[in-house]
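You will see two complexes here that share chain A, one where it goes with chain B and one where it goes with chain C.
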Partner chain A sequence: MKFKTIESRDGQPNATSSRSTRFLGLCLALGVPILVLFAFVFSPKDDTMDDAVRLLYVHVPVAIFSYIAFGVTAMGSIFYLWKQSRWWDTTAHASAEIGVIFCGLTLVTGSIWGRPTWNTWWEWGDVRLVTTLVMFLMFIGYLALRQVPATPHVRAKRAAIVGIVGTINIPIVNRSVEWWENSTLHQQSSLTDGNLEDLTLFTWFLGTLIFALAYVWLMIHRFRVGWLSSEHDALGYGAAIEERKAEAGIDTEAQAQASEDGGPQ
Partner chain B sequence: MNEGESSIDLTPRVTTKSSLPRWIPGLVLLAVALTIIGLVWFLATNSQSFLEADQAVAEREQLGDKRFQLLGSPISSAGPEQTLIIGEAEYTFFTITFDDVYVDVVSQGTPPDLFDQGVPVVLEGRWESGPLPSKDYVFLGGANDGWWFAADRILVKHDNDYRKDRIDDAENRGQPDKSPDS
Partner chain C sequence: MEFRDAWAIASKDLRIELRSRILTNQIAPYTLLILVLFGFALDADTQTLRDTGPGLFWVAVLLIALLAIQRAVKIEDDDAAKERMLLTPVHSSSVFLGKAIALFIQLFVLEILLFFVMLALFDLSVEDPLLICVSAVLATIGVASSGTLYGVIAAGVGVRETLLPILLLPVLAPIAIGATRTFGDAFGRVDADGWAWFGLLSVFAVVYTVLGMLAYGQLMEDA
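Then we have the complex of A and B:
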């Protein structure tokens, strides 16, 4: 696979950006201040929650995109096990890293929300909070497993299994507020119940759009870093073999000719 | 084997040993499996469960002095006349309701900022009977049946409604405006 990236004189890419990612990055750079403006200036305070309601514009989008990111990891993992394709493994890995960041942000912003709203930073018995923490830890485990030395295929296969298993928790986290209504302080979905309106709804939508752009932008860059890294690894193996043969003084072309002539392998 | 290959040094090279032992992947997989088991166990047995006020009243005898979490909506906001300093401790007196069943509450400390009429709360504490910390106190519109809930923690279970008209809507439906069963 070849990317349209910035290339140095030796023909090797020295950045992961391309025209499309730079455009995406520009949209993001322009979108974030607009979101901040809507979140802090144009959108109204809530009658009971006051300014704490503004956390909606970050907390809900990052939660949604952590589900999506881990869902993409599961999809990449399934396709890797099926097709054994490095592309899918790199996709799963990249998405898991971004998902962990988004899920971490979900936990932090949720905790900041909880103090003024619920009167507590954290509740260990709360179903929504604990299942979200478990989801976060599962994908930390996924990333840790990828750091364990192994051949690329073994590493990808192990990670794919954990990636698929970890995703089982996503519907539990998402539906926990409905399934265990009396076991969580967390509210049910405002959006599906039609309980957001006017500028609050618009700003929430803008926030979701901005975090969607952020996810896509990060995903493309992280995928490219992962792909180039695996290319480098593959290049490293090839180079090592060639180096070893060179040390032994083997003429690879002559050897290839010999094998074609039916000589000993 | 040709001449070229016979000259290859087949002695394994000394490689830098990985700092991570080989059993690490097994350990990670075990941790994942234990996490799943722990999650199922937590969801099945150990997660908190709020008792709604009507349920808590019905099960009062069985609950005895067991500590539990009580869910209901205050029938009024906490005014200054409801907060009393007795000895060195500050107590707040209020009543919550769920499905038209009322429970009188005596809570230690000041209620949280979002404590308000109709906003569902989760109280941690236990049933008490007999005289209140302030013996002559009467709960306005409360149960006043000799039983009260001694709470030492108030959590607010905020609803998911952020519409401007929600308070008017709730008032039109009749108070308490945002009871958990509405």
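Then we have the complex of A and C:
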């Protein structure tokens, strides 16, 4: 697989960017200040949540995209076991890393938002909080497994099974926490209530769009890093020895030709 | 898959454990030590220990399960036992089932010991013995089957001792919650219907047993 990336003089890629990622990055660079403006200046305070509502423009989109990211990991894992394709394994890995970052952001922003709104940093009885925390810890384990030295196929197979089993476990964890305390401080979706002001709703949609772009942009870059890394690993010691020989001025092609011709008399 | 093969593998593992005496000489005393440490940590207040007893029991079970799983993996590492097992005409699902049964029996024996010591140390009385038995059996099946599956994932890895808890403990969260709740109800410490958890513990046990039987063969060859 070849990417249309920036290449150095020897034809090797020296960056993971391409025309499409630079365009996406530009959209993000323009979008983030606009979101900040809408979130902090143009959108109004909420009647009940006051200024804390502004955190929801980050908290809700990162929560949504953390779930999407883990869903992509599960899908990539299933397809890897089916097709044995490196493409799917790299996709699953890239998405899990971004999912863990987004999931961590969800927990941190939710906790900061919960303090003024619920008067507590953490609530053990809340289903969504505890499920998200357990999911976060499960995928940290997944990433730890990916760091363990093994052949690419063995590592990918183990990670794929952990990714699938972890995803299957999420509804069981969710149900167990729901039965455990059966209480939630999370309000029903304000979107479906229709209680949000127009500008608040617009800012929330803008936040979702920005984080969707961020997810795609990060995915492409992380995928390319993962792909190039596996290409590099595949080259192995052979390429390293050739490089060292080239540095030492040993002409391996001439030697090979000489040995084919019968060698020096 | 043949159950006879599974039982042969289970009895092999149990025989090795009986001969090595690691279960009786090391893991069992460790189990008791955990209970004593909980007593120190939560002060000498018997009321607090009674209220938290069900949770402490299952935390202790999960900790000793990690040790038992590590042992089960090590048995296959020693003397190229795994390679020899791969050469035998035994289906991988039978191997999984056999190892899970052996782990279940070991854990269940340790749980019985832990249970009676906890009754004495924490001054607890049982109100619903049937609920205790049923929930302990289901939760232990869940721990044994998921532990056997994750054990083979972490097998053959240099950092197995640290990797296994990170992988397994979050997965066991439903067991920790469900079994603690049922024990709390059976001890009369919480106002909850412990039998309502029967379904969830069953689902967990069935899901992980089926997943383990499906995936074990793929993982065993690479372990």
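Here is the rule we use: the second predicted complex is superposed on the first by the 216 of 265 C-alpha atoms of A that agree within 3 Å, B and C clash if a C-alpha of one lies under 4 Å from a C-alpha of the other, contacts with A are read in each partner's own complex, and residues count from 1 in each chain.
By definition in this document, contacts are C-beta pairs under 8 Å (C-beta built on N, C-alpha and C of every residue); 3 or more make two chains touch, one makes a residue touch a chain.
Being a predicted model, the structure only gives us computed values, none of them experimental.
Put simply, more of the residues of chain A are touched by B, taking chain B and chain C as the two choices.
By the document's definition of touching, of the two partners only chain C reaches A:175; chain B does not. Once chain A of one complex is fitted onto chain A of the other, the partner contacts of A:166 extend to both chain B and chain C. Residue contacts after overlaying the shared chain place A:117 against chain B, while chain C stays out of touching range. Of the two partner chains placed by superposition, chain B and chain C are both touched by A:141.
By the touch criterion defined above, A:157 lies against chain C but remains apart from chain B after alignment on the C-alpha atoms of chain A. The contact surfaces that chain B and chain C form on chain A in the two complexes overlap at residues 134, 137-138, 141, 144-145, 148-150, 158, 161-162, 165-166, 168-169, 172, 180. Every residue of chain A that touches chain C in the complex is listed here, in rising order: 81, 134, 137-138, 140-142, 144-145, 148-150, 153-154, 157-158, 161-162, 165-166, 168-169, 172-173, 175-177, 179-180. On the side of chain A, the complex with chain B involves touching residues 44, 46-49, 53, 56, 116-120, 123, 125-127, 130-131, 134, 137-138, 141, 144-145, 147-150, 158, 161-162, 165-166, 168-169, 172, 180, 182-183, 185, 187-190, 193, 195-198, 200, 244, 247-251, 254-255, 258, 263-264. Within the complex, the chain B residues that touch chain A are 1-2, 4-5, 7-9, 18, 20, 24-25, 28-29, 31-32, 35-36, 38-39, 42-43, 46-50, 52, 71, 112-114, 116, 119, 122, 154-164, 166-167. Chain C makes touch with chain A in their complex at residues 149-150, 153, 157-159, 163, 166-167, 169-171, 173-174, 177-178, 181, 196-197, 200, 203-204, 207, 211, 215, 218-219, 222.
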